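Each chain carries a letter (A, B and C) given by its place in the written order, and its residues are counted from 1.
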Amino acid sequence: MAPPSIVRSALSVFFEYDTPRIVHIRSKKVGVINRFLQLAIISYVIGFAIIYKKGYQDFDDVNSAVTTKLKGVALTNLTDQGINGTRVWDVADYVIPPQENNAFFVMTNVIVTPGQQQDTCLESPSVPDGICSAEKPCVPDTPVINGNGVKTGACKPSPRNSSIEVCEIYAWCPVEKDDKPSKPVLLASQNFTVFIKNNIEFGKFGVKRRNLLEDATDSYLQTCNYNSENKSCPIFQLKTIVEMTGQDYETMALQGGVIQILIQWNCNLDYSVEDCVPEYQFRRLDSNDYKLAKGFNFRYAEPYLEDGVKKRTLIKAYGIRFIVTVEGKAGKFNFVPLFLNIGSGLALLSIATIVCDIVVLYFLKARKFFKEKKYLDVKGADAYETLDEGSMKSDSPVVQRKQ
Amino acid sequence: MAPPSIVRSALSVFFEYDTPRIVHIRSKKVGVINRFLQLAIISYVIGFAIIYKKGYQDFDDVNSAVTTKLKGVALTNLTDQGINGTRVWDVADYVIPPQENNAFFVMTNVIVTPGQQQDTCLESPSVPDGICSAEKPCVPDTPVINGNGVKTGACKPSPRNSSIEVCEIYAWCPVEKDDKPSKPVLLASQNFTVFIKNNIEFGKFGVKRRNLLEDATDSYLQTCNYNSENKSCPIFQLKTIVEMTGQDYETMALQGGVIQILIQWNCNLDYSVEDCVPEYQFRRLDSNDYKLAKGFNFRYAEPYLEDGVKKRTLIKAYGIRFIVTVEGKAGKFNFVPLFLNIGSGLALLSIATIVCDIVVLYFLKARKFFKEKKYLDVKGADAYETLDEGSMKSDSPVVQRKQ
Amino acid sequence: MAPPSIVRSALSVFFEYDTPRIVHIRSKKVGVINRFLQLAIISYVIGFAIIYKKGYQDFDDVNSAVTTKLKGVALTNLTDQGINGTRVWDVADYVIPPQENNAFFVMTNVIVTPGQQQDTCLESPSVPDGICSAEKPCVPDTPVINGNGVKTGACKPSPRNSSIEVCEIYAWCPVEKDDKPSKPVLLASQNFTVFIKNNIEFGKFGVKRRNLLEDATDSYLQTCNYNSENKSCPIFQLKTIVEMTGQDYETMALQGGVIQILIQWNCNLDYSVEDCVPEYQFRRLDSNDYKLAKGFNFRYAEPYLEDGVKKRTLIKAYGIRFIVTVEGKAGKFNFVPLFLNIGSGLALLSIATIVCDIVVLYFLKARKFFKEKKYLDVKGADAYETLDEGSMKSDSPVVQRKQ
């Protein structure tokens, strides 16, 4: 027994297929344009999107942990700067704060003001707002703008520069000296080394790596140094880092600055995971080209008690702040992105047809001829809208048959 | 001599061009829908994707370095809080830690507990687990939950509140007082200023900028302040920052809080690079609407030696943590993104046709008429699959010719 | 009066509509392929892009502030490590630095070297470069590689290991001992708790949330702890965190390490905002699988003055650095992404047709038959290019009429 008409009709839907009817034009002019555009699009899709941009791979971003460890000792022999005689500086002295997340600071120059205590003393003559005279008195209890303390109201000759008078202030006394050393105190810091330990993970692919070769031994780590020949050692001399940014160490050590250490993990996991090793880049982030507001420094204090009096050593630390940034992604072959890229590439091919149509229909002499081939002109369709559906006939006279 | 047939046939491939055959329907109803949809799509592509989203530009993200420098001195005259008499607070006192990456903390309120030493003393009566009685004895060597030390086992009347008994503990003694000042100790911090130095780089375009005008002079930086009139000065009064987040300085200084300083560099490098200047936004990140766990504070200690005994000053610092976030991107004209956007725009136009087809073929009265024009019905193709290829003829009787 | 021809022609543009002419093929083979491909594409678009990837929603990234507060006291009773007798450790002792942005460090093990002062003393025999002999003398004024000071030139028997001679050095004397405790000094840190306050904002939707339930009370916060049963309490015991990463607390406390606390806010704002709660994940970021360069430690110093001499306590702190990362996005229904996804889904459907065309035109026996239906072959178009436009006629004999 034959299935009822409705079932047959529903089933037939699954056995249908619609495809556009095509005019196949044999024309040298348009053919060449068409093939050239198609070639360009296919080259773009295959060459750029699939091969160059690795469109056949699934990607994962890097997840990273960085710890740093500085080594090095410097000996200074100064009689000014508040540091008397021979002094040794080690890690606990020049790394401030002792640990930071993805960053570290190394002091390269310093102005030490020892023995400060809460008192009244005279403002430094180099602070404009601290200078006073009979016409410009010191207003009591107002802070000196960009200065070291709060005015008591008194105005006295400066002991540092007796030709001018300065305000007396409540402050940590004596106030800091302004004379920056002409050479960096800790120039020896250029020989300090930093061991950057970087563990990374590509979670999606279950790959864990670190910036230390599998065959590294303890004695290798005792002696190796990163340089242009040996790029696998994770121990960096500060001088090497600074010079790789194109800067001079002594100049930078004097003023301070900010340097980025970029660790890039770009791994193709279709190859051996052993080839997944980092690359290091170094660049100065602040700029030395400007006259104003150069370098990097900050102040901190070490409080202590002397004979029952609270005192502090004020330290103005100039130095280099190193910021460690880890970037990277890993790729691995996967069917889904490959198919998506091929799919969107096929869709892009329709652009070639659109461009050729514009040429053919508007710019060629034979445009009228092509138009007739491409288009079937149907007029007067609106007339049907007012009629009953039954009275519609297919080969109606209001339709212009052209082809 | 004519080339052989196979060569001619291969060459002819390069001179071909396929374009879909089209029914050109002149109908007011459908025409209007069609044109309206096309207009919407073109408006979207040109107006939104190309003009508004700058689809004609290539973009690069900002790479940034931020350093901050605080200025300001405050004078307090307290007889409680462990600070006796007049005391001056400067940068080294109220910025903790002295340098952070992309952040800084300013102490605005403080509880100082001087002279703590390792000893046994009584727990504060405000710690619930420290309260004891005959029924609830102090278990020796267990820490007081949320308390200051480890129980010795003894239970004694509290000197601070004699009606209750508290556990004796091993601790840094005396334990911290609980009474927070009702007014922020360092309310004067509202006049402190911070100089935010921000150097940025758009690596792809080789553009380096900083948030300081080229013509800025030293004396300008001595006096200028960021405010709603002068948005180019990179020196910010803390009060201005807090008020721009819509908060009251005194309230915030009492409890502490977290404020984000957002520096946005959105640069159109098709115009002059001089126009590439940052915008600042300020917002409070923690919320003041809740009753519990408000504000921001932490504790740190300053150790010292007094008469051979190790002591420390415990400081509970309330304050505002400022987080500096730099965002931004630069755009510059480039052909590739423009073409990609135009291409995907053209592809989107096919959606107008699809929608109109649905209207025409299913909703119009003349749908049968249009169907006949659009479709060539081919039946019985399966029959051919069983035949030899040779016996196939083109105008086969099983094909219904409709048009 | 009728409008002039040009106006009518311009107006008519608005009432036109082009749609491709289609061959409607009734074939079981191709129909099945076609419908299967269409189904696959529609499933992908609706199932994956729209439903799974929430293609009907507009998204916003999370903006977050994290503050952390540690609680807990530990009692140690050591006679070595430079810590004599009973000592209490509180927050101000074991959190270094006292506040960090999105991170905190808890000291779990420690080597204390008290009473260091600037002097000359003998290098530790465990530093290879510090060992000397008649053949390998100490070069004056050169630093000991990976050592504690700068050589004076003298070479003397080591008091720690009398069989070898070591260089005398300028250093902070006495130099640090090398013997790491075999058990973590602050193993009690496993009971410390951290209160992680996380305020977030989805700016685009104006939604602010925090990781604390609305109905949380002060007494709840005094007693609750995060664990596998109660995932809404924002107070975490350190032991719980470490064990959730699959590590053993004691092993990790001995060497130190880095742990990430990931707070994920994935919110569907189409549902109640009350359901927008965070999930916590914990993982160890550094790796314990390697032999070299394990764990995490750093050194810092506490300077003090004793009888007029500047001294310091050197502390080598081992511990766990916790990094708090906040991720997340919120989605809310929006018409624009829905339409964009439907649009691109419709465009993808053309791929089904392309694939079927390839099958039909190249692989089926009836390919010649289908080709004739689909294509209208137009030859000799180039000939027209040399003629005047006027002499062109539509039904020209050079056109092969096939259908």
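Everything that follows uses one rule, which is that a residue touches a chain if its C-beta (ideal position, glycine included) is under 8 Å from a C-beta of that chain, and two chains touch if they have at least 3 such contacts.
Predicted, not measured: the structure shown is a model, and the values here were computed from it.
Here chain B and chain C face each other with different sets of residues for the most part; under half of the interface numbers are shared between them.
A rotation of 120 degrees, rounded to the nearest 5, superposes the Cα atoms of chain A on chain B.
Averaged C-alpha coordinates give centres for chain B and chain C that are 15 Å from one another.
The set of chain C residues that touch two or more partner chains comprises 18, 20-28, 30, 97, 100-101, 304-305, 347, 350, 373, 375-376. Only residues 18, 20-28, 30-35, 96-97, 100-103, 105, 118, 128, 141, 143-150, 170-172, 258, 260, 285-287, 290, 292-293, 296, 298-301, 303-305, 308, 312, 314, 317, 321, 323, 347-348, 350-351, 353-354, 356-357, 360, 373-382, 384-385, 387, 389, 392, 394, 396, 399 of chain A touch chain B when the two sit together in their complex. Interface residues of chain B, counted against chain A in their complex, comprise 12-30, 63-65, 67, 69, 71-75, 86-88, 90-93, 95, 97-101, 188, 191, 195, 197, 199, 201, 208, 210, 212, 216-218, 221-222, 302, 304-306, 313, 343, 346-347, 350, 364-366, 368-370, 372-373, 375-376, 402-403.
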